[in-house]
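For clarity, chains are labelled A, B, C, D, E, F, G, H, I and J in written order, and residue numbers in each chain start from 1.
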């Protein structure tokens, strides 16, 4: 069991002439609560319109696993992952939705978006 | 069994430079019917775009419990909780939806919103 | 078993300074088919943005029961109930959706709306 | 609108040489609460193994409607309908399940069975 | 078993002063494939905003049955039924959605709309 | 469009040394009501343990279509189809369940079984 | 708001000559955790075959409410309620299933049964 | 087993005077992963507003099968199929959504659109 | 893309002293129809009580893929796979259920079982 | 973040005179694949009939967390957890069902049971 690499790999967008959307659902995100040390679990839903780069599936998986032993607050970690993915791929649009498991009887979901200045969708999108 | 504190705690928004959305589903709200004294039950669904402050999860739970022995009408209590949460966090946008259990064969839901003057969502939102 | 009163009771809106929405689902509407005399059943879904008045729950239930022995066509009765409720409460916006049980292999739903001249929703609404 | 006949019609079982099962789901049963006069609603689920007679669909519908203006307790009315249907058709086996709508926050279902002495199912049945 | 009449009957709209919506779901449409002669099955979903006329339920059922022995392609028959219904009732708006059963491993749905020139919905509608 | 053959084709059971179960769900059964001439629709669920013969899929489809223009009562037609299929394949066990669409507000299902004298299932079966 | 009576009322079984089953689903049970004082929530599912007595619906509701301010462990309170109900009605058979809301990421359900010595069901029952 | 033709057949749009929508769900797409050679599976959802031509169902099925032995990346193959279908039918609007089965714990969906310059929908559409 | 090995690998049962059950759901089975050459798709559900050997996951996946280019009838292929798996692992009990996609409007499922002579389950099992 | 204790705590069964059932659903089990080091996820479903001891909820949670950094095969770890829980509580009956997330396109579930010699359930149980 070696420590996984957490570097996000990219590959060239095969259809850069067109705005299209890639969605990835990742039901196996886990990190630790910084206050109590107990495991937290979430389903991540990533949606992006690539510009010149796409994120490679396997490196995304390893990147996600790298949070398994880290302490992370819900609001901060969602914004951090979005920022990492946007920095790696410079997309036209990107949205990350993180649905956390219930804690203290409360279910928390965080949704954050990144968009290139001036980009608008040909077909309107709305918040899920 | 001590009386819980009902003071809403806050913490600094970790990503104030960006509009993003926090959703919390609270299926365990309970108060008393002011007319009959019988328990009422509701699921609360809170959604907000924080500005400089976020609401802390545990204090939110205690605040919600503080209604357990109070008489409260559906329409009034939903607006009161929204007002308390908006006062504590001064969000860019906040919506509270309260789904009450059936009474007299009728299911009641109340939805109220608060927004900073002039705030608009980059990605359009609609009423759930 | 006394004849129920069918007068709609009202009470002052506890948060008239804000546009908010009240939804009521009433799964136990029943009337008679004017052609055949057979019972018809529907689920009513009421949604309104109150102005100065709200409709009282128990009187709404009695009002709904008053249709139990009346003959009523689907399209007409939906518009009649909407008109009665709008007359009683003078809301900013009101919508009534009536989902009737299958008859002759066909499921019928009728949706009617009332709005104060010039009223628009801060958060856009769409037809359900 | 004439008063419907409530007499249960029967017809000869077209396959009396074989044990087989007829199930009927009737989602539109309504009667009145003997205490409060308020309408009660239930879904009836009838299941029977006919002997020499089957119950005719249209007369069953009219029989069910005949309870619309009668006061009836949950436990008693379920047993009464089962007794009427069993008397009309003398089945090898008959079960009636009545799922009543929520009252006072409690959902009630009543299940009653009738069987000819000594009858057993070739394929075992269990309580639903 | 007589041949059913296929003439669509109409009746006056009981609330012509208001834009409202009538929806009818018809799960029992059947016609024949013109190529193979095999039966096709579809669920039709009709939605319209009446002007001066509404379509009568029973004649609609008989009209739908009249396709049972006719050969009909998916795209053509959906547009034909919409045209017939729009001609009979001259609605402000009408949409017909036909969901056909799977054929060759592919599920086909056709959606067509008719609207009076210049008509717009007070509450926005979108394609289902 | 030629008249389909209604002869049930068979083929040798490829594993006659073992009791195993074949289930077929046929959602597109249609016949005519003998009283009113109106189309009836049902989903058939066939389950059988073959002995020496299996029923061929395409001929089963054509056989099912042959009821499209026939008048047939629910109870009788279910028993007739079971008898035809059992006569064609002489199975160790066969069950036919027919779920008819709602008529007069009542949903009817008929379940009939055939078994070789003395056959019992190694793993117990129960009525669905 | 007066303190509710917690005495279980009974009434005579209207069909004591027959074994039949009464099921009640009570989604609004709430008590307090004896360790932390936090509210616990459960859905209770009661099922019984009455002998000479049935439990009255309204008194059952008040009895259930009486736990709202009591500390109670999951396993103990389920057995206590079953014992109270069995003592009040002396049923032929009684089962209580309590589904508690998630605590610490774990969902707990407790199922307990009472039966008269020697009683067996004509139609076999199994554990839900 | 002959090699299927992969040429997309077309037929004239039967209602070219009107914008309407054809949707096809194809749950049986399969290709091979170019890296590992393992089979990939996807459900394709095609939606288009035809101009002068429609795509013929059977040739679409054969075209889809032609990918069964080809290596194909998720993002590229979705754009390729959309391009082929748009080239064959020159539609006013076309969208292809491909939902791939889970790989490495991640579910991927790709959505691409094509539209004639200047075309807009009379009834607004949004991204599914 | 190399041709996958289709040899089923095994490993020693880690708990041979106890009867326990392993279930595997394989939603990606595909073969070819021997008559038409068209792809068929099925979900396989395997359930077994191991004796001394368990089937290794990755080799099972490769074995399943080996059917991708083979012609296979529904009834025969289900029995063949069961026979192969039972030969490789010599289980106390094994059941294979294959749910095939709709063909000709009919959904087919085949269920076959293997058991060691004299084996019985401590907790009764029934046919799913 | 301290290392959690993994010792299972127990408490006396509050109703030892009666056979009753405790069920716990634990959706947040995670361990590591011994071959690849990648995280595995499962939902555990525990069901037991206590004898003199019950397992304490919080220590169960900590025990479950202790697998987070351990390598563990599906079949072995399910039997190990069952053995630990049975050793700690000496129950009359105990069953553990572990539903693992999909790996290689295959979903695996393992079900193991322990029972005191001679124990039988008053109400029959079957394998879920």
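Please note the rule applied: a contact is a pair of C-beta atoms (placed from the backbone, for glycine too) under 8 Å apart; a residue touches a chain by one contact, two chains touch by 3 or more.
Note that this is a predicted model, so its numbers are computed, not measured.
Colleague: Which one of C-F, A-G or A-H makes the same contacts as I-J, at least in over half of the residue pairs?
Modeller: Interface equivalent to I-J, from the options C-F, A-G or A-H: A-H.
Colleague: For the interfaces C-F and F-I, which has the higher count of C-beta pairs in contact?
Modeller: Higher C-beta contact count between the two pairs: F-I.
Colleague: Using CA atom averages as chain centres, what separation in Å is found between chain A and chain B?
Modeller: Whole-Å distance between the two chain centres: 27.
Colleague: Could you work out how far the Cα centre of chain F sits from that of chain G, in whole Å?
Modeller: It comes to 44 Å between the two C-alpha centres.
Colleague: Listing for chain I: what residues touch at least two other chains?
Modeller: In chain I, 27-28, 101, 105, 124-126 touch at least two other chains.
Colleague: Which residues of chain F touch chain C in their complex?
Modeller: 101-102, 105
Colleague: Can you tell me which positions in chain G touch chain J when the two form their complex?
Modeller: The touching residues are 73-76, 78-79, 95, 103-115, 124-127.
Colleague: Spell out the residues on chain G that touch chain D in their complex, using ranges where they run on.
Modeller: Result: residues 13-15, 18-28, 50, 54, 57-58, 60-61, 121-126 of chain G touch chain D.
Colleague: Quick check: in the complex, which residue numbers of chain F touch chain E?
Modeller: Counting only chain F, the residues touching chain E are 1-2, 4, 27-28, 30, 32, 34, 36-39, 41, 65, 68, 71, 101.
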